[in-house]
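In structure tokens below, several structures.
One chain, chain A, links the two complexes that follow: it is found with chain B in the first and with chain C in the second.
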Partner chain A sequence: MQQQPARHSRETRLDMYVDRYASRTRGMTASEIRALFAVASRPEVVSLAGGMPNISGLPLDTIGSMVHELVAEHGTEAMQYGSGQGVPMLREQICDVMALEGIEAHPDDVVVTVGSQQAVDLVTRIFCDPGDVVICEAPSYVGALGVFRAYECEVVHAEMDADGLVPAALRDALAAAAAAGQRVKFLYTIPNFHNPAGVSLSEPRRREVLEIAREHDLLVLEDNPYGLLGFDEEPRRALRADEAERVVYLGSFSKTFAPGMRVGWALAPHAVREKLVLAQESSTLCPPSFSQLMISSYLAGQDWMGQVKQFREMYRERRDAMLEALDDLMPDGTTWTVPAGGFYVWLTLPPGLDAKAMLPRAVTARVAYVPGTAFYADEFGSQCMRLSYCYPTPERIREGVRRLAAVVEQELDLRATFGVATKVQPRSYDTPNTDLT
Partner chain B sequence: MTQSGRVVVLAGGLSHERDVSLRAGRRVAEALRSAGVEVEVRDVDSSLVPSLRADPPRCVFPLLYGESGEDGTLREVLDLLSIPYVGSPPSASRLAFDKPVAKALVAAAGIRTPESVTLPHDTFREVGATALIEVVVDRLGLPLVVKPTRGGSALGCSIVTELAEMPGAMVGCFAYGPFALLERFVDGTEVTVSVIDTGSGPQALPAVEIRPVDGRYDYSARYTAGSTEFVTPAKLEADVEAEVARVAVEAHRVLGLADLSRTDLIVDGDGAVWFLEVNVAPGMTETSLLPLSVEAADLDLGAVCRALVDAAAKP
Partner chain C sequence: MQQQPARHSRETRLDMYVDRYASRTRGMTASEIRALFAVASRPEVVSLAGGMPNISGLPLDTIGSMVHELVAEHGTEAMQYGSGQGVPMLREQICDVMALEGIEAHPDDVVVTVGSQQAVDLVTRIFCDPGDVVICEAPSYVGALGVFRAYECEVVHAEMDADGLVPAALRDALAAAAAAGQRVKFLYTIPNFHNPAGVSLSEPRRREVLEIAREHDLLVLEDNPYGLLGFDEEPRRALRADEAERVVYLGSFSKTFAPGMRVGWALAPHAVREKLVLAQESSTLCPPSFSQLMISSYLAGQDWMGQVKQFREMYRERRDAMLEALDDLMPDGTTWTVPAGGFYVWLTLPPGLDAKAMLPRAVTARVAYVPGTAFYADEFGSQCMRLSYCYPTPERIREGVRRLAAVVEQELDLRATFGVATKVQPRSYDTPNTDLT
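And then the complex of A and B:
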């Protein structure tokens, strides 16, 4: 119908900058899945979604005294700009922390960052041009995928199994990139207590992955925030412990102390470290002096290893509660990983179910999880979900799994009615997942 | 217990639209404060009733969406507490929130609404989904609209263009509730008309025309600034403009709504106006339609919200 305006009409898109955004903002839109997580924060909902460390066991009175002392004795230093590379004393202490995983490092090669998340950002910034390939495990950490997307990298996933990254899949990914004339800038891997998969890279595979890196001149970005949170054994030997030139190692105090401090680090070969410091300076000028000095003081004056042991025991109890509840309650056809540390179980639903489509029903039932598609750059993972056991009590975990099991049963019934199978999208980076970063 | 002068804006809740509600609550609170009203924003939890009893506000402005917020439940509670509120009474809210019921009532009043059928999941299971879907498609044709009978923000809604898409659309719909409304698709200009009543009877505000950039006015298009082009007032012939206003006011009246509502309509190629649904708690976020209508009417959102509060709180 051809219509004549009766009077002057105004056309608006409610965003005067809509035509000015960089193309990389494509996909930064409101998401109904993200909106559902607003409900997950309510106490009525058992959230098995978030990965927040449970820091209720921290000695807050003692830490309060430390803050007081820090301000009284070093206040002007703590509240001043600092070095772009980070406080020297803390970098020495970080080397001591990494020694627990067999790493011999010099403090000069450590760059302190605003959480290890910023380290992922800085490494990607100095290495990747738009279109460069980054190989990630399938699935991979959602926060890293967000960084790779922001730098317009092409993410290629390599399969994992119960022993972590499958070396043959890594070889295939490298071969495919080479055949396509693409340059692989690095492999991003989480070898210990993987987020979200919950599995760890076995010792033989660690050696094999490093061999592949040497064969293919491949840089490895080893992200290890959970390495000291293993339940049953001593810390595993880091990839960086056996290969200093081809591995950039990322660490964090977010899980061993407190995420609010926002202190992580990168350990990199000399030339890379130089560029990381320059990138750090252009990004934030320097990591926060106050947090660095606080952590330095904490490491020097407190039984931080004892605190980590307490964390491990708490997380182990919660892991056990989740595994037991899953064993008892989940319908046939559901499978899950058995983590030996860290925060996460990766659950695969019975064939035909879609975790993303099921989430509204779960939220109605007052339980939340993260759909598997969030951990892929290419919409895979729809049959899977990440369950976190780090935060709720064991009793709440069991209740959450009970609710989830009922939701899965209902979804099975619905799928049986309509005969709808999970839709598997072709692998492509054209439709990046934007849920839950 | 005497009532204080403050207005309580209720936002949050436990529905799927909590995030939208929180955003709307912030915006209305800001608007009311700009109009000189003392405002308290609060969530709905177990402390709400004791708090309202202990310190009754002058008025409540509910901005809760989805179940409980729009189905009249919360308004029943406010009635029990004898606290005035902005918006429709419980009985009217219940009718309007249930899309098939609202459609039936407005149709009985002579308002055109697309042919539809309402079916629960259980019926598909009992009689067989494939056969039933075929019957529905034979009757309503394609494309057709699948949506939950209760709820908003286009959650669980699909426009189905091929038979093969129907099972997936049904599963997506039933994730949000046990009943599905299957409605014949009407092609045309999508407009919405807000109705406000500050004491002198329901008045239609200028219609807003909705033009989603990607063609679909889904959740993302609703709440991502820049994803939808809005035309205010809608570019309609004068007689059509008058008709959409009449239909919105008539729907408001027929359903017994009060204070404010927003009616979603389609104007087809022949200029015929079709009622789709009515919202008893219209969205109030930065990308919502009622505030756009207010602006198009050269009114101030703060002044309108204050007038609604004053009218609701009048003894």
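And then the complex of A and C:
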């Protein structure tokens, strides 16, 4: 029998463009858990995975009337192209929103973006060449890590604890980068109700982080989608409130109103703002006028702060339901953070358990979460998971935690019976897993 | 007197981040004519510069009611996060729209984008490394050139004439790139009612361009915002209709409905589509649900094709007004294209005149246009300009052309009196300036 060499024309390949993509495209890979989440979205599964805000409390008929009026009276503006920087009236209102966190800003320094995700993208686009370093908390927001990967940045994680980013860890990261001759382009940080860690940066640490930024001439990217969703107190003072030149502040209406309009913003030092507008024009010509005017009408004509208060109360009730259920049901050796606002609890499994390996069994048991590895650039986090309490009802949350606890118990039994080949962690972070409950 | 060396701390510089931007950011520069356009937007100036569609004919109260109903009945979906690929129902409707141009497509291969500008951005993002070649028509869409510059691509222009892109010029561009060892990532082309050239690719040339694409294994990016806005005939058959594997097709609702929702799309071969969705998720998480459901409702419930017919009639009337005025008023030696649809006329001044140098005088005479150089990557086009007839009324168009003609006459008088230092063009294109009127 004659041997035929394997021959494939371009046409028969799965992807005829496989050798033509840009280098950066190699960093854009579908999450390995994506297929599982298709299963997890079935109604019988309690999803503690997603970060979707619960907007069922919005007064839809009132908002409907408001939008009707917007179209009837300002339709040719709302449906027309706008400025790349965003609608001036909305930028003024954004300054009023930021004033709640102590920020004094001028509308000229605000750039409206397609959700704050696009703000992360545009800031990275203007600052980062391949190989540049971005310092992120450990863990960090999965969507930001995706952006940094897509721009071929090197992410260096700095530890957190129950008080947020550890300043000494930030100093270490800066020193290590300097020693390695690497350029640190910015620190990406979520000071309030961290996604996924559920912790907040303490007041003294806010001062210390800003001191470090000044000492090291470090740009800080302050991502703050949850700042107005604190359960127990007035909004905390933003980093940007005390440092205008070294902080780019990102905000969003996705959690204080609704995400479907995709309106976020960046507040940046003047020269940076100019670059961001050019990048926005290149990316989309302009953010959606309709979304912007709709949100502007909402802020001007509706009791938006009363609505935020309602959201806070709803989320607090759900947080309480989750923490109580975890307290009641989780086996010994499991620890978790106690969020004072926002959407997330960060849970660390007993030693030897692997959240990613356990996920298919959890989904079979009809509960879903996001494995901790998604929130690290370096495969750390396998013992951890993010639990969201924002979307399901308190009853569903309790049921979800009950199912999850049973899965963890089973894993512990298996481990006791058969032992576990503990994976070597690539690096050791003091992740914020102190059990404060 | 003692000489002091000039010393500036970071803080006193205009931009303390000046040495920290990414390499690509050098390509993002504000247009030098931007300041002038601020002046040109004053009501006393007839602007033949902008490409804003005229949406004053839309039935605002009907659309207002439609949006009210959308919010009241589907608000929690319309205002929630959606899929990165876009709303499934809308993607089906987009396939119906594309069928009007002979395209058979599956909704799975459609990715919704924030205007088709973002589609150009995402396609370039996944394909182009710095230095990669993109072949563009001469002239080409200014917004696409901005994207290619932002991704540090090298743009190689290929000539057009009254029948659109010249196939021999495309072959020459490919051969030159091959000889220079450069990678051509794709051809960017606007086959219908070209922006800015106002010409369309003839039927025989469509076949020839596709043959070249197959011979050279060339990807074609077919940008088609104006395809349904032809004045005299049925929509032309898209390149994508005859070649599914080597064409990424871009469409938009900005000109057939309205641009303020920022909804466009890309139809791509399956593997490319997957990369585009990942790039979209990284860029914005998802395109605006609200915009998508609003357009989906509009397509499903309103006579959108009747509206497009009204748009066509309005634009034809304006095109006629512009061509008549040019015929009546422009001095000898001025030539222009005759668009069969779309928004633009491309005008070439008599030899020795410079459209960019002339612009301040035109604005003083209360008429504005876009100088031809904006549409080239290589400073060519100084003798040309783009005139838009989409937005002003026929009366304003006639008045604008009258003012423009007077400015050109003055320039010719000046040239006759003082002579002109003719600028050496960096390269000679047979630009589509044959006077067909």
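Criterion: the second predicted complex is superposed on the first by the 403 of 437 C-alpha atoms of A that agree within 3 Å, B and C clash if a C-alpha of one lies under 4 Å from a C-alpha of the other, contacts with A are read in each partner's own complex, and residues count from 1 in each chain.
Methods note: contacts are C-beta pairs under 8 Å (C-beta built on N, C-alpha and C of every residue); 3 or more make two chains touch, one makes a residue touch a chain.
This structure is a prediction, so every number in the text was calculated from the model and none was measured.
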Practice task
Answer with first, second, both or neither: which of chain B and chain C does A:Leu285 touch in the superposed model?
Solution key: second
Practice task
Quick one: classify A:Leu414 as touching chain B (first), chain C (second), both or neither.
Solution key: first
Practice task
State whether A:Glu245 touches chain B only (first), chain C only (second), both chains, or neither.
Solution key: second
Exercise for the section: Considering only the touch criterion stated at the top, classify A:Ile126 as touching first (chain B), second (chain C), both, or neither. Expected result: second
Problem - chain B versus chain C as contact partner of A:Tyr81, first or second or both or neither - result: second
Practice task
Please work out whether A:Asp15 is in contact with chain B alone, chain C alone, both, or neither, and reply first, second, both or neither.
Solution key: both
Practice task
Determine, under the contact definition given at the top, whether A:Val308 touches first (chain B), second (chain C), both, or neither.
Solution key: neither
Exercise for the section: Once the structures are superposed on A, label A:Pro360 by its partner contacts, choosing first (chain B), second (chain C), both or neither. Expected result: first
Exercise for the section: Look at A:Val39 in the shared chain and tell me whether it touches chain B only, chain C only, both, or neither; answer first, second, both or neither. Expected result: first
Exercise for the section: Show which residues of chain A both chain B and chain C reach, each in its own complex. Expected result: 10-11, 14-15, 17-18, 29-30
Practice task
Please name which positions on chain A make contact with chain B in the complex.
Solution key: 1, 3-7, 9-15, 17-18, 29-32, 34-36, 38-39, 42, 44-45, 354, 357-361, 363-364, 366, 413-420, 423
Fill in the blank from the handout: In their shared complex, chain A is touched by residues of chain C numbered 10-11, 14-18, 20-25, 28-30, 52, 55-56, 58, 60-61, 63-65, 67-72, 75-82, 114-115, 117-118, 121, 125-129, 132, 143, 146-147, 150, 183, 185, 217, 219, 245, 254, 257-262, 269, 271-272, 274-275, 278-279, 281-291, 294
Fill in the blank from the handout: Within the complex, chain A is touched by chain B residues 12, 14-20, 22, 45, 121, 124-125, 129-130, 153, 155-156, 167-168, 170-172, 174-176, 188-189, 209, 213, 219-220, 222-238, 240-241, 267-271, 286-287, 292, 296
